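Read from first to last, the chains carry the letters A, B, C and D; within each, the first residue is number 1.
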């Protein structure tokens, strides 16, 4: 079968940084071709070249065997090459329906935008992704990350793609959504669409991919049919070494109570939450998308201060009315939306890492840049961040490396309580292992960790206890030994319309 | 269905607020002095700021696209003078009416190119244009007023169905632009570009072409405003009213166009321009000491803006 | 009756209601003197003219009078340059730059008499001849000031004309540029004083501001008409921008003959209204002559032929002009242009 | 040195070179240009704009803008006169109160922007009208004159052979450079401009910082008012109108991004000086004011174009 899309000997550099060197890639109709690699390996860059977004310095792109040069995304789209971008390129000020159809709105006979049809078709597409609660007239700026991801996917589906490229489409999605997306992909494949699928989640790859190509440091390590690889062999292709334990959770003796919530509510969003968190403990929070986990974390962190209830740190009630007060109380929060809340992308790595502890790096409120530089260099080393140096702008780093910068930034505050909101979202397996190892290490040192994750295996693997949320309330707290996928899954889903059982939350 | 209406109301919130404010003002001043509501005075209010309302339509497009234009006042001045010079030098009247549109579009398309292709931020490009146009205008005219305009040139004094033509222009342009912005792909592209230029690019919308077109249209609309400005009286001033650009921008933003781009409609700016005219007239009718006129105007603008913020917070 | 809005609070000096007022005595010279000015007698002079602002018809016509004089004299060049807004700060910067560039003489029309004084004194100190016209500075900051008309004379002309058009008992309103403009404020004060003395039954309604913006002037006049209806008999335009705009408003409302417009305006701008019998008159000094006289005075100051203590000065085609108020050259009485003679003038 | 500042240095380098080129070009045109007396005098003339440009740099770096500075200047000038003459306070007390009033006006801007979350452009457009209106209302259009001689020292006198106000300006400028460059406050300012939400999530005092910046802008505008009044020895309610555009031109010419997050006080200073010597130098070479305005507009575009061009070749 002739490949529909073929990249030959592609090389690309950003200034002095070589990102891709002589990469070959081919895509056949009716196949799902997975693209894997560590953070910063060059996956997104390769995709952007295929989509006409970047221009390669060397090499050629063949479409249906013919050499093509795309002047911009528009030309690639005209050929049916459609991309779900990793960083969610949406229009916050516009409605969901419009986001789905911008650039190719349905038109009336008179050539005018047909709003009615646009809303209806958007509705259909979203229904296909099984999100009936997503209002097509809602502004995207008011959607959660997960919903935005759905909109982005719906947008790609709205175009009749011959080549559909999905760059980590499931990064922000929970299990159930992933299922549905994979179904959609299977159907498209059967219709003959060629699909490039990027993900760091192994199980998805094995479930959906026909072939897999691995990139390492901008070089293609090889392309294999999925039947010829195992999880272990893929990992060693990506990382260049073997990684055995994915969730290296060590048992740490439970220390004293670090954080205690008593009946904490944020009117209308989070209701009556009580739990305690101990030194050395990793407390996982599971829940469906929109179950209020992020809101809870941000309430504890003072972003949206609680409207009632009490928060105790080290046994003493603390008023947490602002982020500053939370930091002063020894709380750190790694947000789920790193681009919006975690980082200042236009500023250098160094200034990002020091941002939360600026007041500690100053003398007479003058920033001690020497100490700041050391802090940043240490962070680069400790978290093996791939960056030119501490002066590189964070926006130029790959997603995973950006996440590491956020982690470094918050660990620099030397917190007692660390809240991680989707800490490994969009992170490669190597980095993920590293972050997990780091979490274990931190717990061992006596840190109390609250981890929100939509990846159930991660929650189950890492947590000492699992706290399950449903519709803004606590539905269960499950001990590690009882935490099976079924038990937790049931607590997440159970009685979605019934009132929560009273005792469960306590 | 009711949800749709809520959304529609939500997106027109500022427009409704303005209508309410205008009606309240009319009711209040009308009670105080019934002459305020005389047909004559209402007409004056609508005519008074018509050229500002027209110019604010173009400005709204520019702001929705995520840009700004501080040179529009100077452009109106230049185009008005050109129109006047054409007609006093014996060119046909229709040409004197049409030339400002074409020239306005051409000049601003150039500015648009500077912004889109050379990546000069719009405020800088237009600050520069402000200097160039206002300086150039004086150099060119030497400060002479243009008088001796032929009969039949005064487009702004024409009436249709006993309604002065500036009002027709104001309403017509508003409806036209409103339609353009909502029902054409170009209009939606303007919102897209203002909301997220990178995403627009990824959706196959050309940022550059859109911005250039927006500025060209804005220039053409500025040309219409200039013709209304030039033809209202028997002389054409060769200077622009001081701070005209700020009045036009204020009309746009008080009308609900978000300065951050991507949000707003053209109806709001027209209502805001009418509101400004109504405020100016009201204060005279209410015998507010003219010394305090501007302070009261400032307070009213501030109050409208704050009310809008409060409303937005309530509706989320 | 309460004070008219828009006036200043300097003392007023209303003229007699009827008959010629005796020309005021010149008094003792109170202008300044340039220090170490070179002998410029008969030499070529480089003079700069800095009006309040450029881009308005008024100062364009004074500038044309200056060029006329310069051409006639042959040994003087005048260059007009100034801010595009009537802005005290920018005007000062213009004067300052011309001092540095080394001109022989500065002609100015001050936006603010006090604010401009220091920099004019600096010019005098640099040996530059300084002569004002249209709007004065503090007396010791310049040598001579060419006064287009005395404020009480302007007031008398305006109010007598108004009373003759709307009767002794009519009501009127004023459209001015801004309340902060010194000339207009002075005239309004004098008009009030003169009205109290000579036309006590005229009823002042209010003053509105219209900047130097003719559309705004039009709107303001329109609003006054709407507000007062038949009660409004006259509109006084205090600037050459406001008066034609007010006339336009009257004409567009079909109120020709019912509402009078009396005011200061260039004849050219008023011709359409006067020729169509909508408006009866416009009052102004000859602005071309004003510029002409300013250059003539500058020439004579530089030559040393105009000295403190003189009672008159020869000003080319204008003949002898009287010296008043210690160091002012008086152009004459404001002129009332009517349909009979307005077409004889082109400025 | 960070990569960000490297770019900025580059823009400044361009500007610096441009400055030197213009300096020599002007000097070769006219031998009265490059004299200590002229340059010091020019420095005196640009002090008010310069003073306000320093806090404006901060404001623009946060991604905001303050259009009300000219109106605050006018209001404070009027208050100085009113406190001194109408209320009979001693002049130093009047100065103190006037400075306090300016600070309060800036604080009010800050409150509207932070508490009510009104976009700065709209907020300060409204207060631009309000403060100017207050100035007109309070003054009743009367000027206050006849200040004592000692007061003139600030605006017209010298200290150690250098214009008095230049010392003040230098002090404010050095403080501005230092604070923006080296302190946590400066860091916070940049962070706000680049990503306000992230700054908030990092526990940086976002609201307080913005409040302080707008307040400082008001205070410095008041200070500029004092200097201005002292220089021209009169107060008028129209003082400082239109100064905001001059200030913003200087700041953006100096390389501060209008979108926030980038910019340095040094750049602003160079931009300011470049504008001033252009104005002065061209005037001395016989170019009229309107021509100068045109040239400044062109220079603004050229400066931004060159630096855009160069940054394209840089590694970033």
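Annotations
In this text, a residue touches a chain if its C-beta (ideal position, glycine included) is under 8 Å from a C-beta of that chain, and two chains touch if they have at least 3 such contacts.
Just so it is clear, the structure is predicted and the values come from calculations on it, not from any experiment.
Comparing chain pairs A-D and B-D, the larger number of C-beta contacts belongs to B-D. Centre-to-centre spacing of chain A and chain B amounts to 44 Å, using the average Cα coordinate of each chain. A separation of 29 Å divides the Cα centre of chain B from that of chain D. Chain C has its Cα centroid 73 Å from the Cα centroid of chain A. In chain B, the positions touching at least two other chains are 134-135, 137-138, 242, 258, 260, 289, 291, 293. The residues of chain D that reach two or more other chains are 136, 139-141, 241-242, 288-290, 293, listed in rising order. Contacts between chains, counted with the stated touch criterion, involve the pairs A-B, A-D, B-C, B-D, C-D. Across the interface of their complex, chain C is touched by residues 30, 32-33, 38, 41, 45, 48, 136, 139-143, 145, 156, 228, 231-234, 236-242, 279-280, 283-284, 286, 288-290, 293 of chain D.
Across the complex, chain A meets chain B through its residues 53, 72-74, 77-78, 83, 85, 89-95, 98, 102-105, 107, 111-113, 115, 135, 137, 142, 155. By the touch criterion given at the top, residues 33, 35-36, 38, 40-41, 44, 48-49, 51, 134-135, 137-138, 141-145, 147-148, 157, 229, 232-235, 237-239, 241-242, 277, 280-281, 284-285, 287, 289-291, 293 of chain B touch chain C in their complex.
Residue ranges on chain D touching chain B, taken from their complex, read 67, 112, 116-119, 121-123, 125-134, 136-137, 139-141, 241-242, 245, 248-249, 252-253, 257-259, 288-294, 296-298, 300-301, 304-305, 308. Remark: chain B residues 70, 114, 118-121, 123-125, 127-132, 134-139, 242-243, 246, 249-250, 253-254, 258-260, 289, 291-299, 301-302, 305-306, 309-310, 313 touch chain D in the complex.
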